[in-house]
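One chain, subunit A, links the two complexes that follow: it is found with subunit B in the first and with subunit C in the second.
Moving on to the complex of A and B:
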C-alpha cells in the first residue's frame, strides 16, 4: 500500500493518506472539475487499508465547502468506515472547524447522523 | 419494513417461477411490472452516479433489489439536503463579503469606496442629463471632546446613533456615507443649491435635536456642513474640494451651520 499526497488547490482539497500512521487527512474546499479522478484513489485507499491492515483508521478533516459530488464521495467513505466499525474495527473521524464559521459544524453534524462510530466535531481557535 | 420488502421480493420471484401459474393471464403482467421495477432501479442508480461512480458495485450486487432501492433513495435525499445547506452557507458568505466591500462596519453607512464610485457615476449622469448634484460634507463638532471625555466606546456609540439620525433625515434617493473619522458625505442627486441647503439644514437640525445619554448625563452633538454643486465638465474631486472649503468656513464661523460654496470669498 502506498501513501497518498494530493496538494490542495482552489477547488481541490489537500489530501494526505498515511499508511504507517493510519491517518487520512483532508483540508480545504472541494468542488473539483473531475470528482471521480480526485476521489477514486482516496476511496480505493480506504478500501485497501480496511482490507489489508488491522490497525485503527482515523480521519482528520478540515473541509469547508463541498459540492454535491464531494458530498457523495464523503458519504461513501463514511459508509465504508461504518461497515468496518460494525465488523469490530477501530475507526474514527475528527472534523475540525473554525469557531467563526459554525455552519461548517452544522454540516459535519449532518454527515455524522447515520454514523455509529466515534465522530467528533471540534472547534479550533 | 426492510423485512417486508425482502419477503415481497422472495414471494414475487417464487410466483414467477411457479409452473402452476405459467398460463395465468396475470403472470405476464407481474413479470413486466417486476422487470420495469428493476429497470427503474438501474436508472435511479445511474442518475445518482451521473457525475461519479463511487458505489462499489460488487457490494451492491449482494444486496436485494429493494435494499438497493432504499439505499439509493436515502443517499440521494441526504446528499441533496446537505448540498442545499452548503448552497445556503455560500450565499450567506457572499452576502457578508458584498456588504463588507461597500459598508462601513461601525455605522452600517456606505463606506468611502462606495461613495467614490457613486460620485463618479453621478458625475457622468450629470454630464448626460445636464442636472447637477449636491455634495455635502458634514463633520461632527467637538467630537474629540467626546472621545477624550467619555472614551472611544462612547464616541463610537455617538457615531452609530448619528448615522441613524442622518439616514432618517435624508430623502429616499439621497446617499449618505462615512467619509472617514467623524466626517460624513451626502450625495443629493439632481438637486440644486437652494434645495440642497434645505435638506442639509434638516439633517443638521435632526442631529442637534437628537438627545443622547452617557450614563445619566445628556449628550448633545451638533455638526457643521459644507455644500457644493457639481459643475459640468469638472471631476468630482473639484466639487469635493469646494465642499471641503465651505465646511472649513462653517467651522470658523462658529459651527452647527451649513455654508454653501456661494458664501466662499
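Moving on to the complex of A and C:
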C-alpha cells in the first residue's frame, strides 16, 4: 500500500498517511467542495492499513474547523479504529488544539465519547 | 437599481448592522472568499472567539447547503442565486441568514424539519446529532450529510427560524435565520 500526501488549502486539510511509521496526520480547516473525493481515499487507506498491517496506527490531528460532512467522514474513520481496537489492535488519536479555540476541543470531546481506544485532546500554549 | 436606490439599500443594511451581505450565484470559491472576509471582520472581536467560530460554521453550512441543492436541482445561475446576510441584532448578537430558491415540496419538508429542531432543547439536539452521525453515509453525489441543520440548531442561541415564500410561477424562496 502507498503513502498519501494531500496538500492543504483554504477549505482542504493537509493529509499525510505514512505506512512505514503507521501515522495518519491531518491539519487545518476542512470544508471541501466535494467531501467524498477528499475523504474516500483516506478512509480506504485506514481500511487497508488495518487489514494488511499488524503494527499500531496513530492519528495525529491538528484540525481547526470541520464542516458537518467532514465530521461525518472523521466519525467513519474513528468507527474503523474502534472496531480494530476491539479486535485487540493498538490504535490511538492525539488531537492538538490551540487554547484560544475551545470549539475544536468540544468537537474532539464529542468524538471521544464514542470511542474506547486512547484518545487524547491536548492543548497547546 | 439607480444611485438613490442603492443608497436606500445601504441604509437598510446599516440599520440591520450588516457585517456582510451577498446576493447572486454562489460557488465554492465564493464561499471560501466570503468566509475569509467574514473571519477577518470577526477577528476584531477577540473576546468573542467562540461566537465567531459559530458564525463562521453556520455561514459555511448554510451556503454549502444552498450550493449543493442548486447543483442537485440543476438550477441555472439565476435560480441558484443565494441571498446571504450576516448582521447583529439589537442585543448585539450575531444573526446569520441565508435564502435561496427551493421546490415547494422540499420547502415544506424543510420548514417542518426546522420547526421540529427549533422545539428541541440542547440535550435533544445533541442526541439527534449523534443519531444522524452514526447513520450510514449516503453515497448519492451531492447529498449533504444531513447533519448541517442540526448543527446549526445546536450553535443557535435562540430557536432557529425559517420562512417559505411561494413564487407566483411555482417554486419558492426558503430563508433560514440563526441567532448565535
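In this text, the second predicted complex is superposed on the first by the 125 of 125 C-alpha atoms of A that agree within 3 Å, B and C clash if a C-alpha of one lies under 4 Å from a C-alpha of the other, contacts with A are read in each partner's own complex, and residues count from 1 in each chain.
Keep in mind that, in the parts below, a residue touches a chain if its C-beta (ideal position, glycine included) is under 8 Å from a C-beta of that chain, and two chains touch if they have at least 3 such contacts.
All values reported here derive from a predicted model rather than from experimental measurement.
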item: Subunit B versus subunit C as contact partner of A:54, first or second or both or neither; value: neither
item: First (subunit B), second (subunit C), both or neither touched by A:75; value: both
item: Contacts of A:11 with subunit B and subunit C, given as first, second, both or neither; value: second
item: First, second, both or neither for A:87, with subunit B first and subunit C second; value: neither
item: Partner chain(s) touched by A:33 [first = subunit B, second = subunit C, both, neither]; value: second
item: Touching partner for A:65 - first (subunit B), second (subunit C), both, neither; value: both
item: Residues on subunit A lying within both footprints (that of subunit B and that of subunit C); value: 35-36, 65, 67-69, 71-73, 75-76, 103, 110, 114
item: Residues of subunit B defined as touching subunit A within the complex; value: 48, 51-56, 75, 78-83, 85-86, 89-90, 92
item: For the subunit A and subunit B complex, residues of the former touching the latter; value: 35-36, 39-40, 43, 47, 65-69, 71-73, 75-76, 103-104, 106-107, 110-111, 113-114
item: Subunit A-touching residues of subunit C, taken from the complex the two chains share; value: 28, 31-32, 36, 49-50, 53-54, 56-57, 60-61, 64, 126, 130, 133-134, 137, 139, 141, 144-145, 147-148, 151
item: Complex contact set, residues of subunit A against subunit C; value: 10-11, 31, 33, 35-36, 65, 67-69, 71-73, 75-76, 79, 100-103, 110, 114
